[in-house]
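Here's the structure, in structure tokens; my notes come after.
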Amino acid sequence: MFLEPKLAEHAKKIDAALPLEKMKTDLLVTIGGDGTILRTCLLIPKPEPPILAINMGVRGFLAEVTPKEGLEAVDRCLEGRFTLERCMKLASFIGDARMPDALNEVFITSCAPAKLLYARIWKDGVAVTECRADGMVVASQVGSTGYSLSGGGPVLDPEVDAFVLTPVIPLTAFHPIVFSAKSTISVELLKPKRAVVVIDGHYRTSIEPKHPRITITKSEYESSFVRFRGNFYHRLKGRLLFSRGEGL
Amino acid sequence: MFLEPKLAEHAKKIDAALPLEKMKTDLLVTIGGDGTILRTCLLIPKPEPPILAINMGVRGFLAEVTPKEGLEAVDRCLEGRFTLERCMKLASFIGDARMPDALNEVFITSCAPAKLLYARIWKDGVAVTECRADGMVVASQVGSTGYSLSGGGPVLDPEVDAFVLTPVIPLTAFHPIVFSAKSTISVELLKPKRAVVVIDGHYRTSIEPKHPRITITKSEYESSFVRFRGNFYHRLKGRLLFSRGEGL
Amino acid sequence: MFLEPKLAEHAKKIDAALPLEKMKTDLLVTIGGDGTILRTCLLIPKPEPPILAINMGVRGFLAEVTPKEGLEAVDRCLEGRFTLERCMKLASFIGDARMPDALNEVFITSCAPAKLLYARIWKDGVAVTECRADGMVVASQVGSTGYSLSGGGPVLDPEVDAFVLTPVIPLTAFHPIVFSAKSTISVELLKPKRAVVVIDGHYRTSIEPKHPRITITKSEYESSFVRFRGNFYHRLKGRLLFSRGEGL
Amino acid sequence: MFLEPKLAEHAKKIDAALPLEKMKTDLLVTIGGDGTILRTCLLIPKPEPPILAINMGVRGFLAEVTPKEGLEAVDRCLEGRFTLERCMKLASFIGDARMPDALNEVFITSCAPAKLLYARIWKDGVAVTECRADGMVVASQVGSTGYSLSGGGPVLDPEVDAFVLTPVIPLTAFHPIVFSAKSTISVELLKPKRAVVVIDGHYRTSIEPKHPRITITKSEYESSFVRFRGNFYHRLKGRLLFSRGEGL
């Protein structure tokens, strides 16, 4: 058993410390909210081990069990009494460089707030359309219930082999487009030729004028989560209800 | 060569008249707008012959050629110099009765304007969620660019094997959901147990309290259109630009 | 004290029965949901007496007190210990005929589901724009939180002297427009020249080709509601939370 | 006659150069697009002189005349043959500091892309609601046709005495709210207590944790534009059509 270094320090088990980047394990247990899971999936070696997510956050859409149920859940895992939910990830490339795979979404946005990006969208090498917007999100099925949804995108059922491109605050009328997961999508920056890329809310990089293009497609890797019960729509409803409790 | 009866009368070729329901031909030529194509596809025997659509309507999203190009287009068809665009259709069932397949969409709505439907959505026998809305649209890839889009639904790329359920004026927050075309979706009416069903804007029937449920899935049949050029997004842009020329 | 005839029958006080159309009283008590209040306001003589609304419905946005609090509330009214919330109403005219004033909204829609209306909008005799949509809603401040909101309209603060025109499933891009309450708005039907008009969800009439136009402006009358506490946004949140508990 | 310093340099009339901040003139002529007008209005001394806007930009919503018509337009101004369109501006305050008045909008957003702001909205000292979103826009009537519209806000008719608060990518359901221009609105940052403020797309400042609140109300100043013809909706349609020509 290995512990993430900070956790190892807390638990005073420094000997068990191992950076996430080196954790080649058979099972990975995360304790935290969805943000913890997303950060973990960005870092761990590929292919990823199954993840048992214990929910300490307020909105646990990805997580499965409460802290109380944690120990019993580990036992069930060791006995093999669980199902695995396999989740598609998105690979993205800027020039020759590959970004870490996204479990939720790849978000391309302008370098300053309320500044427009003017971009051309390509699908398998064919120009689809142009778009003027604050940004564009490409989201997986799991990610379709997150930032893409807030931007007006649809929910993608977990069984549909697809991802969705959702514009963020489009100046020109531009509807979300659902592409087959077999497609390769490129966003070519026309003006400016510079943008910020945020993957799963944590990994940040930039697109620079010498390669003003990002290419996104289904990854050969996936994330997989231990499930004992419930289903996608049940968890989705829980998450949406939570967030609806606040607004107007 | 056969002519649709009204056309035969116009053209004074009564001998060639044959009702659409009996037109088992190798190629079918439609002259008109998208409405003409949709009506034709509702009626012709299955499996459907390829359709060469000559555009006389204002917004020809499905149609391919102008009247001027019509004769040359027929020649190219006879010589086999064309590609076929195959389009998924949606089968729908109320009790034991099968409705005509939809090329665009199946629309379920209340019997009076501005009256709510309260319905439960099922996917492959599992309850997904409930919805209160004026109506619900289930649209194919082609249909995703029509009424579903006006209701806030996404564009489905022609290559994604999926259909979309879009709520119409939902009272409760309800996002469009994209399902795999392998799914079977049911809309169960909870209150009232009565609704109107409109298929492709032309075929109308009703759901009655004794079977308050409609089931929708991918049809074993498809419609196919003769194409010489252009692509989906090119035609879509043409259609959307037309309609944007008017509004505010 | 008078009772609405059906209620009088229930309560076996037939002598006190008086049709709503003749109820010229100093205070009017409604028992029911928002639908009851809307129906009552459509019928009672103008100017309207203050209304004390006792909530028996599931979503009481307009109502103030629970059945339990009812008697005490009547006492407080008699003692003058309350404030009045005055709500703007909308007057509407088809040709020379005046419709009953709307507390919530005037809804103009096509005669058959999913059929488009093509209309021109006028403001104080000047053409504003054209619109193709399933329908159009003109809503008051109170009504802005109802059907208009579901159609994508904004919330109008009770203090803003304005009403809002919200398109319903527009084919062409068309944004809700907020007009000064001093404006007079006309919807001119271009094609077809026939439509259904629904006022406050209850009163129905039709626009016919000989006068294919409806004119809407602020009424000289208003509805007023007895209030003991709370405020608009507090009640609005209650209503929205209720409805969000259901959807996806 | 004075010239803005850069223009003076271009025109080789350095003697006539005067910074915008000191231009107390009877008429001000701008040559450029809407961005030029917005920048000018941020800088010139209050109360502002009337502006004759000559359009060199691609989308001239605020501008009135083409470069060709420019000289004739100046003549008409000198002869007094024009009308003035008076436009409300928005005053905003952070702590004791007053920001430059906004002609279009005050935009409050998080310091990093795709990071949420959690804020409470106040109206005249009373809490209205909470909101989780990437940002919030408060827009005037003129500004309602700009960034606020892209975010889903309504068009405000120029005659309605109001402004609109529109959420940008709200996580929680949150509808645009139209307030009376007599209201004073505050956005109180709950978490984080830091944000970026952008006024009319040009002036940038920040909200810091020691005064985590911005207050917005109608300014005592306004901008006024020389008009010879046309009207709001005519110009709006021109602008929207332009932008619709591009998207999907």
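Order of writing sets the chain letters: A, B, C and D. Residues in each chain are counted from 1.
Basically, contacts are C-beta pairs under 8 Å (C-beta built on N, C-alpha and C of every residue); 3 or more make two chains touch, one makes a residue touch a chain.
Everything quoted here is computed from the prediction, not taken from an experiment.
S.K.: For the identical-sequence pair subunit B and subunit C, what's the CA-based rotation angle in degrees, nearest 5?
M.R.: For the C-alpha superposition of subunit B onto subunit C, the angle is 180 degrees.
S.K.: Same residues or different residues: which describes how subunit A and subunit B meet, taking over half shared numbers as same?
M.R.: Same: when the shared numbers are divided by all numbers used, the fraction is over half.
S.K.: Could you work out how far the Cα centre of subunit A sits from that of subunit B, in whole Å?
M.R.: Comparing mean C-alpha positions, subunit B is 34 Å from subunit A.
S.K.: Please compute the C-alpha centroid of subunit B, do the same for subunit D, then give the distance between them in whole Å.
M.R.: 44
S.K.: Out of subunit A, which residues touch more than one other chain, so two or more?
M.R.: 128-129, 155, 173, 175, 177, 233, 237, 240, 244-245, 247-248
S.K.: Subunit D touches which residues of subunit A in the complex?
M.R.: 107, 109, 113-114, 128-133, 135, 147, 150-151, 168-175, 177, 196, 198, 201, 243-248
S.K.: Of all residues in subunit D, which touch subunit C in the complex?
M.R.: So the residues of subunit D in touch with subunit C come to 123, 126-129, 144, 149, 152-157, 159-162, 164, 173, 175-180, 182-183, 231, 233, 237, 240, 244.
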